[in-house]
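In the two complexes that follow, chain A is the common piece, with chain B as its partner first and chain C second.
So, the complex of A and B:
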């Protein structure tokens, strides 16, 4: 099943050189989640999703004042889709060139990689559920690609 | 071909963009003279053996990497962040 995720406010946070600890502490004090390690997320309500070298997206909460970081409003910049089902790993394996099986890619893991031809992010949010995100201009292509992949897997498993 | 990004782990070659010889990191001084700048901009060794190249993890974390590779065996021996260059 593919559903749109209404993420609420999104802010890109990029700590300045040497500012990661102070930024993490300020985030923790304000919204209860710290700055995530590479390829990881933090939190389930308001969330921090790692999205590149020394960068993370703060999702679902207003970003506090962070003097040790550069913050850019990304609200509405990302199209986020939740994809869920028994064969979700097989569907994503058709589009994503990394190993997303649960033994390797666990809940709370995230990766910047390709989804088809698009740069984006993949995050495991449950045993059989992922969130896939791309920039909003590619929302239509993302849904088309996910549907095509899902149809392909479904046709194979009859 | 797969490269092991120090941040993301082993990834497919298509996630990376190839820039060229890592000699580009050794930028001459502004007043180094025409010969040094000509060499820096245009002249590259076509070596048989170990070579250090710049790669960008464009579809991943965005890191610039120095990849040490052997042009005879295609073996990749090192993959490190540009800012951690220990040479």
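So, the complex of A and C:
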């Protein structure tokens, strides 16, 4: 099942030189989650998703004032869908080149990678659930690609 | 014919199919080849060059002869191997390369002409006149030669691509592969077991072997069931691993062959920590005279058809071999009640393994039967003898399937005992080889080697494996070399490409002695089977002809893919709109609603123009839209331009380093045009950058170079200037941004802004925060049209409504939306550049911007841009062009010549990059580059477009045609 995720506010946070610890602490104090390590997320409601070298997206909560970091509003920059089901790994394996096996890519793990021809992010949010995000302008292509992949998987199980 | 009581699918349901329109009945589980043989159809195709009748040679993917075409129209699929094609109800296959029919093929005349069509014939004969090759000879030759044909139509079948990851990839599910997979899986490794066949088991399904006291095929089926039950095992039947690549990555082609939404094929990329190649071995033919008649088959294939599908390929079978293994064919046939005429063994010391006539030291020296074998000639110590037989099972020994081990430039090693090449250790990182592929030729040795290899691999990966190897036959493999048999008639080596022994000798004689040269000279080893059956035999013949040994002669290069992969599978998902992602702006639907044709700009779709009722050409719409901007107000979505948020204490210093001009001096709430150079001193991109705060800038890039510039900034920051404390974020998608351009632009904006602006608060090149209906956004007073203009930006979720409202307000003022065509005209009239001009080979000097390259600071590309050659006055530099006769037109891509000079490359003076019809000035305009252009204003040059056959006399002008002092933009 593919559903759109209304993530609420999204802020890209990039700590300045030497500002990572202070930024993480300020985030923790304000919204209860710290700055995530590479390829990891923090939190499940309001959450921080690593999205590049020294960069994370603060999703689902207003970003507090972070003097040690650069903060950029990204609320309108992303299209996010949740994809869920028993064969979700098989569906994503049609589009995503990285290893998403549950023993390797666990709940809370995230990666910047390809989704088909698109550059985006993949996060495991449950045993059989992922969030996939791409640039807003490619939302239509994302849904098209996920549907084709899911159709291919479904047609094999008939 | 079927043999009662034989075959694993003996009780399977009947299946109807057609071949060349004739109806037949086969059984579920048959391949097309098995079903054809069961129906006594032996002639299945015509050969590539001589159109000789050919039959089924093998029972696997190495098949050179039995190729058929499936499907009609757009889904016509040629060169399908009948030996791997699973039979289904209603299957309709056609033979190839024969006209009017398979039995009466007109082009068989080529066979009569064969003395003239030897290897190299074309190269030597069709040389003169030179122009005849492409125009005359090649089309005729191509029509006569060849295999199946594509339909020429766009294929609409569904294909798929997918990725898989595992600890251990086991390639091939014969005895070695099954043991390897079981051992690794039981130890706890994530295992993928891939096999070409629909039923796993490899030779165990084709032989009468026993394993651990069970029938081999039953044992295999039981192990596969056991593997299926393990959660850490993925079985991939019908999947051929086609290539070995870097970092443990493998390509694999899966035949899904489903119906409905299921794809035909899936192309896998499998990434494995370790791999175990258990691909088995391929039996090779013997080159004896006329060894290509239908009915002459590989001995192993005869056993496969008999034991797996209960089919005897002939009523009276003869075996011809140089090894013990082939004798099993006679044993199996006799057990099944099939008549065996004789076993002809080239070895004097061969011993019979059953109740059959053995001819020691015998050679098959001739065959008869135009459309199917009916007699062979055997020469032995006792003389020459004719034997009536309709099937000859031949075996020249086995070649381990070393292909994948050679995909990364490895070469196999010659093994004298086996008379074949075996894999060389370590040619593919992480790959081990087991079973027959490694040269273990008995069933017991294969089982053991699979288990032992997996133990080593699993231990390396940190598991604790243990192997329990069942008992099995361990008959030694005895072979003596036999590559060719002398006698009258052609001794075929490569059945698919019609290459015979004499062709190889001719290649050697003409000094194509290297095996790679021999291959190109004769075409041996090319096309769909890639010489799987013929390569080793051909190089053995070449070795003999050149007086070298086989190891010195060596093999040709093994390249992926191991079996043909359809382009459809490799390009899966890329048909139609799947070719590239579609990036849609927030105004997309509104533009489409207004009838705007959308054109691609990179991945983006942008409106070309907005047609109005009564307009019949795009030019009418374009002229009207230009008029909006010049006289009232126009609206254009410019969200596709790259927008990069740059912040940090060193942001200004960073910009000074990446732009050739200075940004640290830019005041807050002001915008400046910037030019960016590559390290080689040529122009990379241009755009404006706004300073929103002391340490906060927003850079815009061109649509085309947005990604390139972002990558460049990251590179400069990480690799060249890590000392600068600065961060970037793409905000292209965050903001919907629209140009509001024209004399009435401010009036329009003031009808929408919460706080109105005026000349004093918002002069030319000002920027800042604004709000519209309480939504805060940004406003930039910049102009790409030369008019009093702004760009207004709101968060993307408001883009669609902002666009509709802006256009509605513009229309109320007598203006409206404008598209890319008008945008282009407006900027050409002003001499503003795009990537048509800054195409990668021009410098700031060439576009007249050299003074922007500040010499008061360093920047990327500064030093390189000072090279004398890049500042030479004779360089082609940017100019404007207009036709001397205002009714004439200009074309982009045309070249410029001195009036009267020959329009040849040596006289080339420059070229045209952009053209338009200017409704403002009433004639065509162009931008281009001309040698010493700035000093040739007013000169006449001849524009010559060889492609579109246009010649227009032009006047060289300043590139800024309209409002040269820029007063309109400043307001």
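To be clear about the criterion, the second predicted complex is superposed on the first by the 158 of 158 C-alpha atoms of A that agree within 3 Å, B and C clash if a C-alpha of one lies under 4 Å from a C-alpha of the other, contacts with A are read in each partner's own complex, and residues count from 1 in each chain.
Note that a contact is a pair of C-beta atoms (placed from the backbone, for glycine too) under 8 Å apart; a residue touches a chain by one contact, two chains touch by 3 or more.
In this text, all values refer to a predicted model and were calculated from it rather than measured experimentally.
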If touched residues of chain A are counted for chain B and for chain C, the larger one: C
Partner chain in contact with A:12 - chain B first, chain C second, else both or neither: second
Touching partner for A:112 - first (chain B), second (chain C), both, neither: first
First (chain B), second (chain C), both or neither touched by A:78: second
Touched partner set for A:145, first chain B, second chain C, both or neither: second
First, second, both or neither for A:97, with chain B first and chain C second: both
Those residues of chain A which chain B touches in one complex and chain C touches in the other: 53, 55, 97-98
Chain B-facing residues of chain A, complex: 38-39, 52-53, 55, 97-98, 111-114, 119
List of chain C residues in touch with chain A within their complex: 158, 160-165, 190, 256, 258, 260-263, 266, 269, 271, 573-574, 577-578, 580-585, 603-604, 645, 647-649, 718, 725, 727, 729-735, 795-797
Partner chain A, residues of chain B touching it in the complex: 7-9, 11-12, 14-15, 58-63
Residue numbers on chain A that touch chain C, as the complex places them: 12, 14, 16-17, 53-55, 70, 72-78, 93-94, 96-99, 101, 103-104, 116-118, 134-138, 140-141, 144-145, 148, 151-152, 154-156, 158
